[in-house]
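The next part holds the structures, each set out as structure tokens.
One chain, chain A, links the two complexes that follow: it is found with chain B in the first and with chain C in the second.
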Partner chain A sequence: MLQSSSTSRSSHPLDRPLHRRAVTGSEVSLSAFVLLFGELVQLHQTTSSSVPEFEAALSKSGWEVGSRTYLMNANVKVREIRVLGVLQFLSSNVWMSLFNKKADSLEKSLNSESEYMIHDSNPLPTIFCEVPKTLGSFNPSSFVAGIIKGALETAGFGCEVTAHRVEEGEGNRTVFLVNFCREVMEREEAFA
Partner chain B sequence: MSSPPPPLLFLITSPTDPIYTAEFLKPGTTTSSSSKQYAHYLLHSQLDIVEKLKHSTSSSQLKTLSSHPPSHISGFLPPSPHAFLLLHGNMNGDNITKFFNDVCEVFLKAMMNPFQGMEDGINSKGFDDRVRAIARRYLS
Partner chain C sequence: MSKSSSSTRLGDLAWSKSPKTSSSLFTLTYGVLVQHLCSSQTPSLEVNASLRKIGQNIGIRLIDDYISKTSLLSPNSPQQCTSFINTSEAISKVGLKMFLGITADVRVDSENSYTLILSSNPLADFVELPSSRSDLQYSNVLAGCIQGCLESVGFEVEVTIVKDTVWGDEGVEVKVEGKGRKKEELEGGFKDE
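What follows is the complex of A and B.
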């Protein structure tokens, strides 16, 4: 049941408080979220004609979520300008705000200077997702990949993010590969 | 006879376009169109500096970016890829800081609107009203 105790119907949207920290009544029930997410996935499935298109559409929805979550939680006084700083903010603050836990780990790739990996053993939006065989390689965690991309790009760090399931039978261990664009890496080098 | 004080001009810009402008006029005064154009020109001339500062400084208050007496330009960087610029006539720095902070609060809420894109102009009258109220509170 959706409760609107902290929002009054008569107040203007710009006057309502931005709940930066979880306040009793500002949290969303898992069932409400899962129902909404289920509808989102079905909407994209019916409007997409291929698996890559489906993943891209779902990722785009995630982009909007990530962008706004970043803006809600970002420190207004001190801005993130370093890659490691923004990634740590993402894997702790943004993850806490959305999923009530921190990401399992953040790693720098050994293969490439511009690649980083975020691990999550069971990303929250997709905990009830079971992809039918007919959809082949479709990964619903592309929604979360979109969230990551939206948050990072809004912070000023252009990147490409992909979600990969780590094969482990029943679990849904996922690795998000973040590849920052050349411009971002050049800026990073200027700091060194 | 001193020249009239420069207009108070506030600009919010995305990396590509301005998305919101407001001129805060004292009731009863008007500004000539040429001084308006000059004011816009001065503000936009600071955009390159702001772009550079975006990636080099982690503080959001940019303080005074430049002065062409009697006009001064102050800047602020919200967490999003936008920039706030204010053209003013040597105002108290604290007031400007508070102005930027309060406008940022309203700005972030405006960005939460699903119909508001990062690059779209902010056309909401509610936003305009609130920015003007904040300007009246700190900048008059």
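What follows is the complex of A and C.
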């Protein structure tokens, strides 16, 4: 009796170390992830009827990943309350934990106070991904846009995030446009 | 014994050469996939079947990756799965290591079946099944994957998850039962007219 209760307790997620480093490796092979992601994309493709719906579904999946990653990495003692702070946390810590690198750059848009841009070259979902012509403007990076939205909204920063592919010489660069909602900007002004 | 250590070495080598990504991204993405399948009140039985199908799709592609990488890394002694029992070695020491970074122990149950014992479940790090989904085979994609791989190299198999960390077990046990060799069949389009 005792034995069985201790067994079930030891395997409860809350009793295991959050970061796998201690248990197994902290990494899996890229092929395993890419194939899994491919299946997720196919699943959404079969259930959605249009490109925007498809992107929204993929972004919603990303939201769940982003939200959890934020919670896993967030500093429990000091919570980010400023826009720039949370964006820096996102483009370094969250990016590091998911993609093993930092985002290439973080910029403030010149057009609007509430707009920020995160640049990333070769974001993970676009590797090995060829968008057929029939899908037109579909961008697999909407998954990452969802991750950003999920992390920011869980941190208390309501926003809209869109992914844009930038055609530029070699490789492909993706810009994630983060547009914070009005309440967040009002709060930000109150801090300033 | 020597064969066993050569497989371990091959697995380590393949792991060190393959490009990697963070395991939390992998685990969370898989979680989202399962969540999506479960979202619309789909009965667990159907979700289990979908997960297996997804696993098979992945397995069919992984085996190509596996064969190309292992034959590159050890051109002199390719890891050939000549018999059904041999495949246990290839899966536990090379395949799992190469793709998930873990190895498994093998328990040979009979001539036609063996059990892979994984000490942890990389798919279910943060997972707790609600009581309404206690019949969900969360890691079925792993079973599907192994099935897809083995069927691609001509083994008819039945793969079942016997124990899983999400059910409160210490580790994961995957039972692989051989059902003989697969018959080579030509697709309809390739038949002689």
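As a working rule, the second predicted complex is superposed on the first by the 175 of 192 C-alpha atoms of A that agree within 3 Å, B and C clash if a C-alpha of one lies under 4 Å from a C-alpha of the other, contacts with A are read in each partner's own complex, and residues count from 1 in each chain.
Keep in mind that, in the parts below, contacts are C-beta pairs under 8 Å (C-beta built on N, C-alpha and C of every residue); 3 or more make two chains touch, one makes a residue touch a chain.
Bear in mind that the values here come from a model prediction, so they are computed numbers and not experimental data.
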Sharing chain A, do chain B and chain C clash or fit in the superposition?
fit
Looking only at chain A, is it chain B or chain C that touches more of its residues?
C
For A:Ile81, select first, second, both or neither according to whether it touches chain B, chain C, the two together, or no partner.
first
Kindly classify A:Lys133 by the partners it touches after superposition: chain B alone (first), chain C alone (second), both, or neither?
neither
Which partner does A:Tyr70 reach: the first (chain B), the second (chain C), both, or neither?
first
Which superposed partner A:Arg187 touches (first chain B, second chain C, both, neither):
first
Using the touch definition from the top, say if A:Gly156 reaches chain B (first), chain C (second), both or neither.
first
After the superposition, pull out the minimum Cα separation from chain B to chain C in whole angstrom, please.
5
Check: chain A residues flagged as touching chain B and also chain C 12-14, 16, 64, 68, 72
Show me the residue ranges of chain B that touch chain A in the complex, using the header's touch definition.
54-61, 77-81, 101, 104-106, 108-114, 118, 124, 126-127, 130
Within the complex, which stretch of chain C touches chain A?
15, 18-26, 28-33, 35-37, 54, 57-58, 61-62, 65, 98-102, 120, 122, 125-128, 141, 165, 168-170
Which bits of chain A are touching chain B when the two form their complex?
12-14, 16, 18, 64, 67-68, 70-72, 74-81, 154-156, 187
Of chain A, residues touching chain C in the complex:
7-8, 10-14, 16, 19-20, 23-33, 35-37, 39-40, 43-44, 61, 64-65, 68-69, 72, 97-100, 124
